[in-house]
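Letters A, B, C, D, E and F name the chains as they come in the text, with residue numbers starting at 1 for each one.
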Amino acid sequence: MKMFHTTLFLFALLFSCTSHAAEICVGDLKGPETPSGYTCKNPANVTVDDFVFSGLAKAGNTTNIISAAVTPAFSAQFPGLNGLGISLARLDLAPGGVIPFHTHPAANEVLLVSQGSICAGFITSANTVYLKTLKKGDIMIFPQGLLHFQINAGGSIAIASVSFSSPNPGLQITDFAFFGNDLPTEVIAKTTFLDPAIIKKLKGVLGGTN
Amino acid sequence: MKMFHTTLFLFALLFSCTSHAAEICVGDLKGPETPSGYTCKNPANVTVDDFVFSGLAKAGNTTNIISAAVTPAFSAQFPGLNGLGISLARLDLAPGGVIPFHTHPAANEVLLVSQGSICAGFITSANTVYLKTLKKGDIMIFPQGLLHFQINAGGSIAIASVSFSSPNPGLQITDFAFFGNDLPTEVIAKTTFLDPAIIKKLKGVLGGTN
Amino acid sequence: MKMFHTTLFLFALLFSCTSHAAEICVGDLKGPETPSGYTCKNPANVTVDDFVFSGLAKAGNTTNIISAAVTPAFSAQFPGLNGLGISLARLDLAPGGVIPFHTHPAANEVLLVSQGSICAGFITSANTVYLKTLKKGDIMIFPQGLLHFQINAGGSIAIASVSFSSPNPGLQITDFAFFGNDLPTEVIAKTTFLDPAIIKKLKGVLGGTN
Amino acid sequence: MKMFHTTLFLFALLFSCTSHAAEICVGDLKGPETPSGYTCKNPANVTVDDFVFSGLAKAGNTTNIISAAVTPAFSAQFPGLNGLGISLARLDLAPGGVIPFHTHPAANEVLLVSQGSICAGFITSANTVYLKTLKKGDIMIFPQGLLHFQINAGGSIAIASVSFSSPNPGLQITDFAFFGNDLPTEVIAKTTFLDPAIIKKLKGVLGGTN
Amino acid sequence: MKMFHTTLFLFALLFSCTSHAAEICVGDLKGPETPSGYTCKNPANVTVDDFVFSGLAKAGNTTNIISAAVTPAFSAQFPGLNGLGISLARLDLAPGGVIPFHTHPAANEVLLVSQGSICAGFITSANTVYLKTLKKGDIMIFPQGLLHFQINAGGSIAIASVSFSSPNPGLQITDFAFFGNDLPTEVIAKTTFLDPAIIKKLKGVLGGTN
Amino acid sequence: MKMFHTTLFLFALLFSCTSHAAEICVGDLKGPETPSGYTCKNPANVTVDDFVFSGLAKAGNTTNIISAAVTPAFSAQFPGLNGLGISLARLDLAPGGVIPFHTHPAANEVLLVSQGSICAGFITSANTVYLKTLKKGDIMIFPQGLLHFQINAGGSIAIASVSFSSPNPGLQITDFAFFGNDLPTEVIAKTTFLDPAIIKKLKGVLGGTN
């Protein structure tokens, strides 16, 4: 009987030691960030709710210019993902909806169609176009940093879940990067071959100035 | 006009050069493997179908002892994932279905419930249990290498998609590792504290010998 | 002569600059953790004793149920290992001693027998068993996250040093994960195929409740 | 004297053993690729010329539509870089020259101005614009995967060397991705908010079809 | 019109979320370090000047014993490089100048000659010597951790920029490590095969004691 | 009963799929190498002996100029370590024995004294010396790429096992790199501050030419 207690003590000791491990590093959004992610929340305060997220259960609001919504579950929304090399997002595409050309600077993506039909494509550094219309249950890869898009290919709402190979994949929508900030029109013209008049018009639509 | 052609030539040159890049490395399942994954399929033979997989569209067969099925989309099934640090799988849990305790030796996991309700849990190195009943749309994290399970928590079928932080996460179901191979009963008894009689019974159920 | 001073000054400048480097990042166990490990102790306070550890010199106490002891030199015990991708531990196995089935969720392991004889084995994701009786001086590999065990194979004490490919490999002993915490008996029964009576008995031995 | 020979033999043995190491892995451009890069050229055939590249010594041809040239020294051009996590390129910008908006999907970039003056900028995922006119000797960072550009900011030729954190950084020029391939005009219109007429005009300039 | 505002709001929300990302982690030199680098400067205080560095524009002072100077742009001097896997330095070699044998413990190096001529070499673990005289525009690789040197091979000043595969490559000049600190002469003699008299002489030149 | 068979079939299918995984990648020394290591031996031919190595059981021959021996168990000697991020070696130091100053270009090292007493030290990039006399059971860290040495500190034989954070750490002994190959005496003189006469003498001892 005494031996059992010794065992338990031995393992308790071992476990308490290794419990300092960053095996689980729930992000502390208030703490400083590091190149490897957020600092860890005190393990003593971690509960199961740090590992569960319900934010993707509800459809995003698609009453907007693109008739679409992206709902992220990245480490900034779901700090349990901090340091884990993975994250998710939900896409809602109303009829006619489109996720315009964009990139994720820091992650590969896999899209899984859970409802409806989606036409998706990406373009490689070698300028090859890969295009496919996906049905429910299909999955498609979009390699890191490459331009890609998704278009609702049916007459009803389409929904997809997307998985990323980083807790913080980033998102750069080309149109917003070009026309949704204060980058001067003449600089855009010089670096995109577009006419200043077109640029100014799109700045008007997408909120850009200058 | 001549300048345009020069430009095109310049970029064609540039693109053809960089097209050698392993930016896309669809796995060649027949070639040798390496610690970083499969060797790459010849880029000239790559088509959009290398980036699309339909194997998760169909429900797995749950007419079995666990009333459940796991359908993987790892790099061995979907070679487009080779080298990309991500993969997926589909879980089907009939009423009463359960994915027994298991680990993924090489990947973190995020589970997304797409239908029904699932009770899931994992245990840390510090021997803490994290347990939660998940509803449709909930996501839950299972950190790399830690024991975890999923149980259908409702009266109807439950379905989930799981994402992994590796194209080849591995899967080790504890019961099958203990009782589904030729590991001698006496060794199992010594290393699990279980009685030989119980071990032999479970070997009978799970296909083990010795 | 003046030139020499200039040289010294030049290099002193260079060295003082690069001394900010995280070339050496002794862990500060009181600071916050990050996904890459502990924050670094102030380099000004680092001494040679931060790089030396004597905790493995003494035999672990094997007067317990498994007649064995594991003494870790992970980053939590030896903070000099922080961020270095390596750690050690010492195994002591009295006659009849056994390290029960366990995994290291975050590291590959290499075991070196320094005294006596050890029977060791591991099981792969493909459910293949690799089993070997090791003599003094033999080394054996246990790949990351896979179930493995060690048994004293001789009549006298056996000692081994084990090396890990992470400063914080983690340790999950299956029996303790199943039977040494508050995971409910009915959940364990459902996810392991074991009878509730057996589970309750093992919970009694290993300190579990519920 | 005999001892010396023994020593030499000892070390020769040791060195010949470790010479199998992938410490140096000059890429074999004819062999299969892997996710970690090219397979290695036979070490026996490696010479110093595998580690030296003269292709950046000569100015690129800037007689083209952008009055600029990019000359890469990536692993496809300079196989000695294979597996080393670094590569270079040379930029030549004639007066009025511009490197249009582009990304490197797989690498961070640092630009060093070696002649003339360059106005450069990048845009983050948070849609912030960072813009600067650089003089000779200035260096500037362009983080991985983010849209950026370079414009000759002076009246004479400008030259820069750029370094990347990958042997194979990739290069995706947005205009060429949008207008220089067979992506259908209607798809581009839907995913960029641009008018079909403008798209068709740019396809005419940049070699696109459909 | 209302829809446009909704869109803007949608994306603003998305962008503000993802702006927490460590996509850009300018190092806070005052904060604690981590194995992955410095903690990040508050993104709200980041300006374009965090991404631009002018310290390499000016020649280093070569009026010293080696007639040479190394000017680093590592993360300690240029905190914008924190976490980016890349850094630069400038070499100035007056006539007769030499960068003595040294290693970079944590990075591969690529050298680009921008003026003059440089004889450079490195030695592998297999004890093979790779030696080359480089002209303006040539680039040469020096693999991580291997001993290498650079000598001005012409009669006029030579300048080079060097790129590293780490923001903090480290620099260990063998002569300074052997003779420029307080390592006792007898220890140096035993570990280098050099006579104590020679060691003491070099300690005198390079500032060593003991 | 039929259900059991279905289960077994289900898992057999799953396991056979995932068995393609590079979870275990025993190196094929005859195949081509890659930046991530050797290509994998055909899994069908892998046996337990691929994971066990007895080469460290026997003392190295210390009848040589340094009265010491290094016996490696790197991936070239023990291919089971391929891709695993870890390796070992054995040090034998006869009385008076010394492992001269050396570096491991690609790995951190931890030394464990198993017999006798060893004086060991390393020097950082900041030129700080860390020196310690170690007793049996002590462990000491030598960070990647930094110069270090080991000296027998007692009157009897000393033995140590060393662990590395790479399957292929490399080994560069400074004296052999300087004086054991065909690097011309005048180049060595210029890059080490040593007199040509001393260099020629050491070349004579260590087998160098030129």
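The definition used in the following text is that a contact is a pair of C-beta atoms (placed from the backbone, for glycine too) under 8 Å apart; a residue touches a chain by one contact, two chains touch by 3 or more.
None of these values were measured; they are calculated from a predicted model.
*Asks:* Taking each chain's centre as the mean of its C-alpha atoms, give the chain farthest from chain D.
*Replies:* Following the centroid criterion, the farthest chain would be C.
*Asks:* Using residue numbers, check each pair in E-F, A-E or C-F against A-B and return the one sharing over half of the contact pairs.
*Replies:* That interface is repeated by C-F.
*Asks:* Which chain's centre, taken as the mean of its Cα atoms, is farthest from the centre of chain F?
*Replies:* A
*Asks:* Give me the superposition rotation angle from chain C to chain E, based on Cα atoms, as a multiple of 5 degrees.
*Replies:* The two chains, chain C and chain E, differ by a rotation of 120 degrees.
*Asks:* Express in whole angstrom the distance between the two chain centres, defined as the mean CA positions of chain A and chain F.
*Replies:* Spacing between the chain centres: roughly 41 Å.
*Asks:* How big is the gap, in whole Å, between where the Cα atoms of chain D centre and where those of chain F centre?
*Replies:* Chain centroid spacing, chain D to chain F, equals 34 Å.
*Asks:* Touching two or more other chains, which residues of chain F qualify?
*Replies:* 15, 18, 21, 23, 34-37, 39, 105-106, 124-125, 127, 131, 143-144, 146, 170-171, 176, 180, 205-206 - these are the residues of chain F that touch more than one other chain.
*Asks:* What are all the chain pairs that meet the touch criterion?
*Replies:* Every pair of chains meeting the touch criterion: A-B, A-C, A-D, A-E, B-C, B-D, B-F, C-E, C-F, D-E, D-F, E-F.
*Asks:* Note which residues of chain C are touching chain E in the complex, please.
*Replies:* Its residues touching chain E are 3-4, 6-8, 10-11, 14-15, 17-18, 20-23, 25, 28, 31, 34-40, 82-83.
*Asks:* Per the contact definition, I'd like the list of chain C residues that touch chain A in the complex.
*Replies:* Listed in rising order, the residues are 29, 32-37, 39, 60-61, 63-66, 69-70, 72, 74-77, 105-106, 168, 170-171, 173, 176, 180, 205-207.
*Asks:* Quick one: which bits of chain D touch chain E in the complex? Just the residue numbers, please.
*Replies:* 15-16, 18-19, 21, 23-24, 43, 47-49, 51-54, 56-58, 73, 78, 80-81, 84-88, 108-110, 112, 114, 122, 124-127, 130-132, 134-141, 143-144, 146, 161, 163-165
*Asks:* Which residues of chain A touch chain D in the complex?
*Replies:* Residues 98, 100-101, 103-106, 119, 121, 123-125, 127-129, 131, 143-147, 149, 151, 170-172, 174-178, 180-183, 187, 190-195, 198, 202, 205-206.
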